[in-house]
Amino acid sequence: MSDARSRMVARAAREIAPGMVVNLGIGLPTKVVNHLPADFPVCLHSENGLTGIGPTLPLERADRNLIDAGGAYVSTIPGSAFFDSAVSFALVRSGRLDLTLLGAFEVAQNGDLANWKIPGKFSPGAGGAIELAQKARRVVVMTTHCDRKGNPKLLESCSLPLTAKGRVARIYTDMAVVDVTAQGFALVELAEGISETEIREATGAPLALPQGDIPRF
Amino acid sequence: MSDARSRMVARAAREIAPGMVVNLGIGLPTKVVNHLPADFPVCLHSENGLTGIGPTLPLERADRNLIDAGGAYVSTIPGSAFFDSAVSFALVRSGRLDLTLLGAFEVAQNGDLANWKIPGKFSPGAGGAIELAQKARRVVVMTTHCDRKGNPKLLESCSLPLTAKGRVARIYTDMAVVDVTAQGFALVELAEGISETEIREATGAPLALPQGDIPRF
Amino acid sequence: MKLPDKSIAMEEVVAQIPDGATVLVGGFGVPGTPFALLRELARQGQRDLVLVKNDANEAGMGIDHLIAGGQVRKLIVTHLGLNANAIAAMNEGRMEVEFCAQGILAERIRAGGAGLGAILTDIGIDTELAQGKQVVEMNGRPMLVEPALRGDVALVHAARADCFGNLAYAATARNFNPLMAMAATRVIAETEELLPLGGIDPDAAESPGAFIDHVVKLDAISEEYGIVRR
Amino acid sequence: MKLPDKSIAMEEVVAQIPDGATVLVGGFGVPGTPFALLRELARQGQRDLVLVKNDANEAGMGIDHLIAGGQVRKLIVTHLGLNANAIAAMNEGRMEVEFCAQGILAERIRAGGAGLGAILTDIGIDTELAQGKQVVEMNGRPMLVEPALRGDVALVHAARADCFGNLAYAATARNFNPLMAMAATRVIAETEELLPLGGIDPDAAESPGAFIDHVVKLDAISEEYGIVRR
């Protein structure tokens, strides 16, 4: 992982407060757990039917019946629970999920999120993303600031089919931490080595700056 | 129990075919199990969350956590299962309950059933009766033919609030076995010692007689 | 990572229930009724409560203490059969009663716990229970809208709990408890046995602790929980 | 009284699935997928099937055999992410695909198993998934009507079963299985372990046998059930 991505992951880990129930999206978001202290009180949820996700196991020690929603062979910790898919999303929809950390194709300045479909190119289905994005108490995105072609992912409005409308509260990228406010995007922190000009150019919508020095991460 | 009632219960027990899932209403209907062979293959359902109801236990051997819907201390048999109230009525409403045997205040010739409320006198709530009556695959009533004042319970139409409309298939009473047909009540069998005149007088709606000799029970 | 500890003292947790709260209460007859939590609620005397429960217990037991104390403004229930006090309170207008078909009450609570708006069902059509309810046509057939039901508080009884709040139940003491344990803003579980983390097998945790806010260990299993000798 | 025995041979039970059947299939990834039942269904070759499943497995596994064999007319699913064959069959018009949000698919199946008509939910409002769906106003807010979903057949995988059909599951091999095990006219469970009556504790019977029609004991746990080495 690049240094910028590592710092993004480490910074995003500070979203997790003691006692929370948290769902980490497939891929990079799952890495934030590596930045939590061993005895940190948190309950991780996997939508295939598990609370209390333990460490990922090497294949030779894996349990064939115990995976997370991304298919990784995970483990339990003391107090883990298994349940069916209805109970799993009951937890999501009924307000028991304090936080979800999701990937994104696009995030709009009003908090709209697009992360499941690129018409004509990528349409494998949304899985549980719509419910996570629509119902977690706090929805936070972790993504590269720009796509592979260098185009901004933080936009005035989404062009792709939405996952959820107006639900994203904050975005962690390799370049910045950005809040979604009633007035649009607001810069919270800048990654080391990124200038104001660079972040403005990489962001596809107006970006309010904090007063005084911009904190770094 | 009077002799006539005993014979009614014994006759109603023949409703239960091998392999059925059956719910027996509180009171007299629960007595039909006494007329089944010990190894008869049937699954009894109790709406408080039990399939595979075993014998009622004396208080000194009772389990404080194991009752049937009528509050009797029952037991399990090999293969019993416990579940919550949602699963219990899922079973009832989704067509898994082959038969229910219920009490009645009134049954109409179109199969309407009233068994939960007497306005101004008795209105404790319907409990699970509405779902049992509306959704069991076969709804059978067991009742005295007349009420305590001698008034017929089998009527042209119900005067009391309905439990379910047009769902009763058959009625077992201390005087007769009566089917509900598209043409109304049809006598199937008569209890020993009851005459045609007596049964017609005790029935508040037209009663078709079978051809030939009337079978006795 | 470690799962948080949610164990708490009885008096402290019940004190968090405000006047006017909608309170889901587990139990079907004696089994699964949280008698100790109900006694503490009667002692503390919160008023204007809306209770949701399968039945009204019997005179002198469980929620009857709350009804007798005038603490219950409204009761949502499937039947009052065994409690003449509750029937009298209803008939004399001291307590509002809303009757619900038993399985539909279970589904309404479950829908609340599942974050749904409502269920559509034909149960109760052609009966009094349909009166005043919103009707929706589905494939040409009328269906009743039965709204999801959530509590401000749920009081449930478990046979075993760990300190994260994973719950396991005994026999027919399940009934409404696992449903209510998902369907309130503040879920309070009393438990006969309180185990350390890991004390409940992940395959046996019927109510996942993520739905549970507080766990109270019962000091003793009082007589109310025992066999009823009528 | 004694509970009936529902054990049956694999070939015989799968032969009861007709062409055109709607078939619910358990599993989320590998865990809980009834691979042996699916292999037999592929071998027997029933056609025009409508499958309901969380995912499309991976190429060369599970329902991919049915898709590859042209046996699947329509797939109701939450995502196809790991199966390029399934995406190709969809894109080339060889198989109709209906996408459903994961928890809503679970709830639609559960509603089918619970004998409800539908659920009302706001999930998918403001997204493509709302297109074409019936909308109902509830307290001034629009809610989507998500109809209950039942199968002619359900194929589920259990860790343990008794011969009456009480089922117990392992770890995350639950997923859609307990829901589907309630939601079909003919529920067929394959089981790793088949126990006599009494072999499953009544407190541990997650799917009550009263919902299950047939139980098939697996002779062996084939490689498909094992760890996936990518």
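Per-chain residue numbering starts at 1, and chain names A, B, C and D are given in the order in which the chains are listed.
Basically, a residue touches a chain if its C-beta (ideal position, glycine included) is under 8 Å from a C-beta of that chain, and two chains touch if they have at least 3 such contacts.
Protein names from UniProt, one per chain: C, D = Acetate CoA-transferase.
Bear in mind the structure is a predicted one, so any value in this text is a computation, not a measurement.
Looking at the partners of chain A and chain C (Acetate CoA-transferase) together, the chains they share are D.
Set side by side, B-C and B-D show the greater C-beta contact count at B-C. Distances between chain centres, each the mean of the C-alpha atoms, put B farthest from chain A. Per-chain Cα centroids separate chain C (Acetate CoA-transferase) from chain D (Acetate CoA-transferase) by 32 Å.
We define each chain's centre as the mean of its Cα atoms; on that basis chain B and chain C (Acetate CoA-transferase) are separated by 30 Å. Rounded to whole angstrom, the centroid-to-centroid distance between chain A and chain B, based on C-alpha atoms, equals 57 Å.
Here the spacing of chain B and chain D (Acetate CoA-transferase), counted between their Cα centres, is 35 Å. With touch defined as above, residues shared between interfaces to two or more other chains in chain C (Acetate CoA-transferase) number as follows: 107, 114-116, 121-122, 169-171, 202-203.
Each of the following residues of chain A touches two or more other chains: 50, 82-83, 86, 89-90, 92-93, 135. Judged by the touch criterion defined above, the protein chains form a pattern that is neither an open path, a ring nor a star, and not fully connected either.
Pairs of chains meeting the touch criterion are A-C, A-D, B-C, B-D, C-D.
Residues 46-50, 59, 62-69, 71, 73, 82-86, 88-90, 92-93, 117, 123-128, 130-131, 134-135, 161-165 of chain A are the ones that touch chain D (Acetate CoA-transferase) when the two sit in their complex. Chain B meets chain D (Acetate CoA-transferase) in the complex at residues 18-19, 21, 33, 36, 38-45, 50-52, 54, 76-83, 86-87, 89-96, 135. Those residues of chain D (Acetate CoA-transferase) lying in contact with chain B across their complex are 1-5, 112-116, 150, 162-164, 166, 182-183, 185, 196-198, 200, 202-203, 205, 208-211. For chain D (Acetate CoA-transferase) in complex with chain C (Acetate CoA-transferase), the touching residues are 107, 111, 114-122, 134, 136, 138, 141, 143, 145, 147, 168-171, 202-204.
Those residues of chain D (Acetate CoA-transferase) whose C-beta lies close enough to touch chain A in the complex are 28-32, 54-55, 77-82, 87, 97, 99, 101-107, 109-110, 121-124, 126-129, 159, 169-179, 225-229.
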